[in-house]
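The following blocks contain the structures, represented as structure tokens.
Common to both upcoming complexes is chain A, partnered first by chain B, then by chain C.
Right after this comes the complex of A and B.
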């Protein structure tokens, strides 16, 4: 039966101020049920304050074959990395 | 049993606790057998919520292990609905039947826990307040499935209507004293799901007085066998 039921990707926000992070995926007949299942599967130990569910078919993913052209050119451009700045004391999420 | 009779104030707690305990045992039958893995986890969660509420209620009414494992069927005060098989016959597991059962049960539990939370007894009110949140979720879960099964395929609609027709009579005992408020929760769900609310005819009862269906003895035999074979056994 599971194969007939659409797959959903689940994103959970751990607490206010943080971004939603991919937590995993699940099967559900529609968005409302996906949200409820996500609550049971991914927040049962108080992992989150907010959940997004997205149909897995709606996600356009980069292909592993394109890895070189997509990601490698960034490796030698050190000026893109904020390594020349002093990090102020007490900045937690930068 | 004499200890129970002395504590008349705990009779309601005992009935509520027995409803939750027997419901937990029934729901546990779904573990590893639900239609999807996700639903398996959801039903197990609900069963564990029921067990958690049962433990708090029974521990308030007396010794929880004595009450759960040493009473025979005549000593239990749960309503008949809680002990019924989750399908048309003994040993059956029918999903539409289970969701109908959960809709009826959790609506009544939500109302009784709400009343408990508003009561004068601080300890009982605390139990009620915790259980209200869980029952709200159980009711929502059942509601979501009733809408989908009632408005789903011809087969899902037919089977959930059969379940409703079979279980409806037991709603009288379940919601005794809170019937109007219970109907106000349940009827809109049935209407939205396109299901026909059965007429009120047969009104089986007796569970609150310890007169149960034959199904409870089988359930208790399974639930109590370990404790009876090894009294005081611990994990």
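Right after this comes the complex of A and C.
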């Protein structure tokens, strides 16, 4: 019965200034209903001021199997971090 | 009203679990992030990670049963919504039952991340292929049962569920944190409602005592069979799905309830309930586990009624699902 009712991923912004965070998922026939259901399911206690719903099928996720080769290129670029640079003694505010 | 000892502490544990989850997530894993390494490091397994088949199957079974319990659990209390003694109590009870529906949905969504479909889960409940907690097969005979359920049944559920906030499967742990935060309201409203009755007329007091008498042992049985007979426990502990044994949690619940009952001025129906100085715990009479097995197998006072109601509600709700789908389809066509 719910097999053909699409799955939506729900993102809730708790307060102005915070990013939307993944809260969970739910089934709904379309985006409007998904929003209403998300309000009832994930913000019963005013947990949010804004909700995004995204069709679960529209999310492309990176694969955990390829996690290493996918993210490794950044691993040896330690020069991207300020701590890489040793400063001469006595230098302040830098 | 006197404070509910333990509720604050349990909520504190939920917050600690949430903090630990974030802290563990920031910790670097040395070398391979294999299943065993993640478990050993107290980190979370996520949906797309490799995991043993038995871990996946066991979690699906446990989360599904948990979700079904939340859904069926709406019935005993739903029974009293239209007969609540005041608008205030009615609003509270409605909000609580609505929360239970929400808990069911969070948990179904968590189970679905393991590769089972909502349709399969719905069918498994409707056909009786998967179980729900035996506690919901007992009838709610008086208004005082709403208080006793909140205090004892939700109380036992919280004791069971707080450790699950640290479960090794990420989506389940996160769902449980959300659930547990909502549960403390359930337990408090029940305790407070029972307290009001216990301070009331002799008839109200007797009604409160009767409710406690009937719900005490079924609540103790919610923790499952004694450790010696518990089939899934050892593996589940090794995989950090379960953190404490059935008997440990049951003892914890008893120890919390005794002082709470004293404050209510009600008696727990166990003449052998005594403080054991040596153990540092209360000695208590175990629930009737043969009765538990009978109820689990389908022979409780309300099993047939609960299943019939669930199936009827599902069938009678078909037009809503169809209308929603038709409306969505119409809108899609209008846009196209």
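What to note about this one:
In the analysis below, the second predicted complex is superposed on the first by the 80 of 94 C-alpha atoms of A that agree within 3 Å, B and C clash if a C-alpha of one lies under 4 Å from a C-alpha of the other, contacts with A are read in each partner's own complex, and residues count from 1 in each chain.
The rule we apply is simple: a contact is a pair of C-beta atoms (placed from the backbone, for glycine too) under 8 Å apart; a residue touches a chain by one contact, two chains touch by 3 or more.
Here the structure is a predicted model, which means the values were calculated and not measured.
In the superposition on chain A, contact is made by A:27 with both chain B and chain C.
Of the two partner chains placed by the overlay, only chain C lies in contact with A:7; chain B stays clear of it. In the superposition on chain A, contact of A:44 is made with both chain B and chain C.
In the superposed model, A:36 lies in contact with chain B only, and not with chain C. Looking at the superposed arrangement, the partner reaching more residues of chain A, out of chain B and chain C, is C. Annotation: chain A residues 1-2, 5, 26-30, 32-33, 40-41, 44 touch chain B in one complex and chain C in the other. Considering their complex, residues 1-2, 5, 26-30, 32-33, 36-37, 40-41, 44 of chain A touch chain B.
Touching chain A in their complex are the following residues of chain B: 35-39, 41-42, 45, 140-141, 144, 148. Interface of chain C with chain A (complex): residues 33, 46, 48-50, 95, 98-99, 102, 105-106, 109-110, 112, 117-119, 122, 174-175, 178, 182, 314, 318, 321, 324-325, 327-329, 331-332.
Chain contact summary for the complex, chain A toward chain C: residues 1-5, 7, 24-30, 32-33, 40-41, 44-45, 61, 63-65, 67.
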